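The letters A, B, C, D, E and F name the chains in turn, as written, and every chain counts its residues from 1.
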Amino acid sequence: MNIGIIGTGGIATTAHIPQYIAAGANIVAVMNRTRARGEAAARQFGIERVYETVEEMLQNESLDAVSVCTPNALHKDQVLAALAAGCHVLCEKPPGISANEASEMREAAERAKRTLHYGFHYRHRADTVLLKRMIEAGELGQIYAATAVALRRRGIPGWGVFTDKELQGGGALLDHGVHMLDLALYLMGYPKPIDVMGHIGQYLGTRPGVGLMGTWDAETFSVEDTARAMVKFENGASLMFDGSFMANVGPRDTMSVELRGTEGGATLFPLHLHTEAHGALFDQTPAHLEHVDPYAVQIQAFLEACRHEPTYEQADQAVILHSIIDRIYEQA
Amino acid sequence: MNIGIIGTGGIATTAHIPQYIAAGANIVAVMNRTRARGEAAARQFGIERVYETVEEMLQNESLDAVSVCTPNALHKDQVLAALAAGCHVLCEKPPGISANEASEMREAAERAKRTLHYGFHYRHRADTVLLKRMIEAGELGQIYAATAVALRRRGIPGWGVFTDKELQGGGALLDHGVHMLDLALYLMGYPKPIDVMGHIGQYLGTRPGVGLMGTWDAETFSVEDTARAMVKFENGASLMFDGSFMANVGPRDTMSVELRGTEGGATLFPLHLHTEAHGALFDQTPAHLEHVDPYAVQIQAFLEACRHEPTYEQADQAVILHSIIDRIYEQA
Amino acid sequence: MNIGIIGTGGIATTAHIPQYIAAGANIVAVMNRTRARGEAAARQFGIERVYETVEEMLQNESLDAVSVCTPNALHKDQVLAALAAGCHVLCEKPPGISANEASEMREAAERAKRTLHYGFHYRHRADTVLLKRMIEAGELGQIYAATAVALRRRGIPGWGVFTDKELQGGGALLDHGVHMLDLALYLMGYPKPIDVMGHIGQYLGTRPGVGLMGTWDAETFSVEDTARAMVKFENGASLMFDGSFMANVGPRDTMSVELRGTEGGATLFPLHLHTEAHGALFDQTPAHLEHVDPYAVQIQAFLEACRHEPTYEQADQAVILHSIIDRIYEQA
Amino acid sequence: MNIGIIGTGGIATTAHIPQYIAAGANIVAVMNRTRARGEAAARQFGIERVYETVEEMLQNESLDAVSVCTPNALHKDQVLAALAAGCHVLCEKPPGISANEASEMREAAERAKRTLHYGFHYRHRADTVLLKRMIEAGELGQIYAATAVALRRRGIPGWGVFTDKELQGGGALLDHGVHMLDLALYLMGYPKPIDVMGHIGQYLGTRPGVGLMGTWDAETFSVEDTARAMVKFENGASLMFDGSFMANVGPRDTMSVELRGTEGGATLFPLHLHTEAHGALFDQTPAHLEHVDPYAVQIQAFLEACRHEPTYEQADQAVILHSIIDRIYEQA
Amino acid sequence: MNIGIIGTGGIATTAHIPQYIAAGANIVAVMNRTRARGEAAARQFGIERVYETVEEMLQNESLDAVSVCTPNALHKDQVLAALAAGCHVLCEKPPGISANEASEMREAAERAKRTLHYGFHYRHRADTVLLKRMIEAGELGQIYAATAVALRRRGIPGWGVFTDKELQGGGALLDHGVHMLDLALYLMGYPKPIDVMGHIGQYLGTRPGVGLMGTWDAETFSVEDTARAMVKFENGASLMFDGSFMANVGPRDTMSVELRGTEGGATLFPLHLHTEAHGALFDQTPAHLEHVDPYAVQIQAFLEACRHEPTYEQADQAVILHSIIDRIYEQA
Amino acid sequence: MNIGIIGTGGIATTAHIPQYIAAGANIVAVMNRTRARGEAAARQFGIERVYETVEEMLQNESLDAVSVCTPNALHKDQVLAALAAGCHVLCEKPPGISANEASEMREAAERAKRTLHYGFHYRHRADTVLLKRMIEAGELGQIYAATAVALRRRGIPGWGVFTDKELQGGGALLDHGVHMLDLALYLMGYPKPIDVMGHIGQYLGTRPGVGLMGTWDAETFSVEDTARAMVKFENGASLMFDGSFMANVGPRDTMSVELRGTEGGATLFPLHLHTEAHGALFDQTPAHLEHVDPYAVQIQAFLEACRHEPTYEQADQAVILHSIIDRIYEQA
């Protein structure tokens, strides 16, 4: 398969290109509107051609699939262009910056009859895969309560465009928390939301402070540092979300999902299970989990999907996910 | 001061009577509609007179203050009667079973010009007292996010009337979670709520199972085992609440409050503080905290208040608290 | 039920008498050949009559059941006498001091149509009960390997007759290790042994040393301080046993059983489970186990059994157990 | 010294060749019946000549010593050929696949007046060397009880010929457990065995499952996954052995030896010592042990021995070791 | 033996009287200048006679021995009186408040030919006794460096006369640190001091603060809260001492002695040993130490000494100890 | 800036040269009296010219600054030569080998109007920098007690000239302990010493033993293995120092400084703080400290200082430091 890469920032060079190569796919071109950056990536990975625009790349190459690794606000147009050009698409998370965008992409995928995947790599961790399998086997019963947490103490990225509302569409929620929000929904089976309450705020990011992920510019900080929400679903379940780019919390950052079901409960990460059986309560942990690169599994799953009739499950889920996020931002 | 005790169940004999005695107050009578129980308590603590009705006790005794230690649904009428009889009142938590009841009690207190306290003893723990002092000194800055958790794995009480909706008014929220909900609000300064989302459910309590606080009757279990909520306040802050009588969660039950402010963050229990100073992040814990009996402090504070012009702060807070709880139950 | 107690040493007063009383049984007499000791026990527990011989007690009292709590070498005759007198019998462990004795007792029980139980209280611990239930539900599959360990570093009892071969029949194996040996066999379903290798030795007990359970008399020490064995069973399984009264081992004494089955493995104490499921390996522990007094459960089970048609399961198991022990001692 | 390497599998390239080079020995040739593999190893380490048969190599080269690193069933003939050609021999463990083979090799060594060592590298760990020194200084007194454990939860190697009974002669015992069995015997001074009981079984290896050392082929799995034994010695001591390639045991694999003596006890790994002195019990651990490569020490010891009159201690020990193993397999 | 008790404060009733009784000694009288207190103690322990002055007691009773349990400044005169009256004397620590006093007492003991012991109970702990035995067996070789630490974070006693320089003679050094100072000297064999440097200060005790041993009166606080010293001995060794009643140190108070010798090192409490042997470094801890009441051992040792010809070892050591303390205070 | 390096031993190549390069400085020459060593270093780092004498280098090069990385006894002359040649100087610790040398260097610096820094890199660790900032902000109040510890169990370096009194001037104190001694003084604000007591000894280094930093030559060992001291200052504070190259102490070597002040206390390493506030005691630790290379910071600080008017703070401190060390050695 011939692969093109749109955007050559960090995520492209750590989570897409090496994994395509390892999977035996043929990356024929990269695109970056700053030519020098595109060329650097091409040189590093031995890729032949470099383009400055998506259009040019799609016209000149005969691509089977593309990865979209650009700032969030650019995803939608690039995905649409790639699908229109007959490419399968693996688009980095978040899908876009609104439910409307997610819907447009979903429609386009079906129209093009192409696979459209999103880069929620937490789904591909070994512990997540195991838990998903256990949920599908009924080990948790009906899941009625979920909690997704993505708290960083001083985790505003000091590089890239992560603090630019215009380009990223959001911060603690859309860019960082979206991983745990998607993961919880995915493990719950993406139930239908019926009510959303949100709290969006800028409390610490707009003044200078200690940075644990580099030094950010407090003056231009335009995204939320705090995002909290509660969601209720048609099936009676509820989800609580708590996310921050920066907050006065404990020494270890938290990326976690907790699920409570009628037959068992589970927490990630790491995976713990809590059940009742034989008239006793049990705590259970996997003794050994193979160390896998979730990015590699993600690329393999995408390439595998490209070889079959497309389904639109991920594209549909993105619409639900963004509809929840839209509702949270509306209440800012 | 002459004290009367209304209700002689566990909480009266462990958290009120010995503490009054230790504080030098004079308990002259107890009331229990089952005479034998009242007499047992009287014998145990050397109290002279026993009554079967509140009215009888109030008429025959010249009481300065009473403690109300009966099931939740009985609080309001007994409090009103005691206030009308000119008594100061310390009423066990929750104040009542609705915001209307809380309002009535608050009005009656003012009318009677008597002190009305509620038994939220977590407020009187040494770590809580220290944190409250630090908050008032500005150590956390503006508190904009709070989380109150009251999760029990298998904690439906196997005694008393805790599973009887009629008498208790509720379970995981009204009877158990209310402690952490009040504590978070108290530490936040009881801001004005403007929006409430709630999730109330019965998932595990209605079928038999392992009981860690005795064996309850699943057949007659009529309160909620699960209560979750998000509250937004006029000052922009939000609070998340998560409570259960029973849930498939980890091995240790959780009673906790987490607060995040613009200058620092704190968690209870135990107390941890998280701040930024001197260009560094700090974690701070109290090295030594005197072990105090919060029930004793509660009684001392009540007796002290009785000696002064009454304020209605706690009575006012009860109205806010119950208005939130009402909203949560409405969404069941 | 009218109960008589034969022997009033430590085990009688801590593990039998209080438990009978708590279970509502009526202890009418105790027997101790030293009258003063019998009277002390009677006084302590409010028991009416004291005898100096078993015969006298059995003749003068109309007993439903007796507990035999004397040195091991006396068990057999006393059990036979009690059964002959129509009593149900709970005999402390070990059953006797040889397979022949165990057989005699088993025959006598059947002849008398009376219940004969032995005091292996480890079987009644909450974790053992749970594991037994899980084994019966097939959670371990076929158990093919077991290890029973009863290692004490300096655990020769400094009181009683524990070092007297004549009266006790043995030490590290017969008196102490027998608990773990029985427990392993019980959990394995008491399979039929076909081969036994044993190692019995006196290495440390015959010279003075540090005593952690009092100071014993090295001069008169006549039992084994070391006992090790391997047993093979008809069903292909094997069991390894390692026991000591005294040995140069680590700081914590070990009382443990480990089982390996085709579907899962387990260790006691505490209980850990190891399985494979959903394509992963799991470690599992009970989150909460009710604290029960295994002696109380033992008495309750005995009294319950007395109310029904007797089965001879425990009596049969004692024969197998002693046949293994006999073989081990033969190889000394 | 001129060295030849017979077999170029993993053990040769990680535990022999680099260590010879580091010790300044001159590796002049390697042999592998698959030429390409032999050449790969030669290229990697800059070795000049490659042969496809042992005979060819021995004829064409003037070798002082060889390492034998082939599957177990091939050891004996290759060792005999090398000794006959006047070479000193370092043969990987196990020595061969039977006591007869071990005897033949021992005789041949004496006949050839050459050093014959076996690759039991656990003997050369720093902690083992220290313990051996302490035992020889009498710190443990007379060792009367030993336990050797080699338990893997899911440790069937997914590479090589480890599951091929024909080529390896055995699994959990002969290939893996033999390390701990030899180590215990070595530390005990290789006493003379007088009785052996064994239990050999295939319980988990013949059906597919989670592999922690790669994925093995359950269909062709022909060695034992379980091996247990008890050995009694002329000096009165006993040894228990417990080994598995795969078993439902705890999360950490165990490779350990425990020794109990009249003056002290010891466990490996890590090294702990337990003694009585000054009227107290002591636990002792080495505070710092130099990190040494046991393979390097093994090669150095072999080269050193080659420079002196040969002793046949290791060759003699191999006969005892294999006689025990033979007896265990006979009872399968 | 007839015993008299001089002073009935806490130390007398917890560390002398019950221990005399347990040892079978006959306490015939107590003395307290506040009669009510003396009578309370007499009643509690069933002692017949109570006196208000030492003289009166010594005249009216025929005493074999007395314990002196009064404030430090009173020790000397009472000890002299008791010795003069022919009594053996066990005087609480510190011996007195100066080297002159210690000398006077030592002379008086010899004159009276009576045993004079001091209440340094740390010498009688099981771990100290074991270490002393090991030192005498040469396990540490020559001890050339010692460190004695007695640091309390907020440990000014809120009761008694501990902050009264007049009555106690000192604080962090004389009353509290003296325990560790004596212990280090005792374990070193009380070498002869040749040079002393001291640092005595009041930094925290004179202003109010958090008290962990009750609330002390900062206004009247007249002893040192800080005492540090270095001592050099004739044998070339040195000792460092660091003590505080109150200091901004870590969460756990420290009472410790560290010794470094040419053959080994040791720390108390708990006991750890550090040696080199067999070409390796070892860390060693006692596995089990019997729990003994050091006060009981102290009384037994005193009573035992009274039965023999008196030695004046402790009396001599007190002179050395006080000479060091005098030098430290001189440099305040 | 043009930089010259005097001495090319380990410290030069790990702590100076790479850090100059990283800071963008231009190293134009290195000096080593053994030409081959100088050339090796030059080759490794791409430095153009190599000299065998300091004089030659200073004459032929136009240097702005030099680092002096030679044995301690050579520092002074080389520093004087470099200053005289107009160079700024960064001299490795210790400054020299006596207070006289330190004074000469300080005078020379002022005469030359050049920056003179010493290589006390512990001052530049992130935790030290933070603590210094907090001390300057008054968080500890007045520091009245300090303890500096530099204890190694078996830490005599097996390389270099560390055991050569002639070249190094000292061992446990001058070469190793000087780091902690300087650090304590630096954090205390280098108060003026008024009295010093010292203990210098050779107890273990002169006989062979286990070496944890290589094997040293016991025969030629001529420095102290033990150094202890107490220092009193004009401001009333005291400092205790305890250092060893080798001692029978616990398993982990200790490099630490402890400070006690009137408002708070601190320990390094890691950094812990102990304070009293809000009527409670607090323990505080930095939650996150950026990992910095203290050597890099040291070079940056030196280069920065070279760009400004010189101050002689470090040169002055060296005089005080060496005056203390002189006094300690005098008492050997």
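The rule is short, and it goes like this: a contact is a pair of C-beta atoms (placed from the backbone, for glycine too) under 8 Å apart; a residue touches a chain by one contact, two chains touch by 3 or more.
Model, not experiment: these values are computed from the prediction.
For the pair chain D and chain F, the distance between mean C-alpha positions equals 50 Å. Once the centre of each chain is set as its mean CA position, chain A and chain B turn out to be 42 Å apart.
Residue positions 153-154, 210, 212, 250-251, 274, 279-281, 283, 287-288 of chain A are each in touch with at least two other chains.
Taken as a contact graph, the chains fit none of the simple arrangements: neither line, ring, star nor complete graph.
Under the touch rule stated earlier, the contacting chain pairs are A-B, A-C, A-D, A-F, B-C, B-E, B-F, C-D, C-E, D-E, D-F, E-F. Residue ranges of chain B in contact with chain F, taken from their complex: 130, 133-134, 137, 139, 274, 278-289. Interface residues of chain E, counted against chain B in their complex, comprise 153-154, 210, 212, 250-251.
Listed in rising order, the residues of chain D touching chain F in the complex are 287-288. Note for the complex: chain F touches chain E at residues 140, 142, 144-145, 147, 153-154, 195, 197, 199, 201, 203-204, 209-210, 212, 226, 228-230, 232, 236, 238, 240, 242, 244, 247-251, 258, 260-265, 267, 272, 274-276, 279-281, 283.
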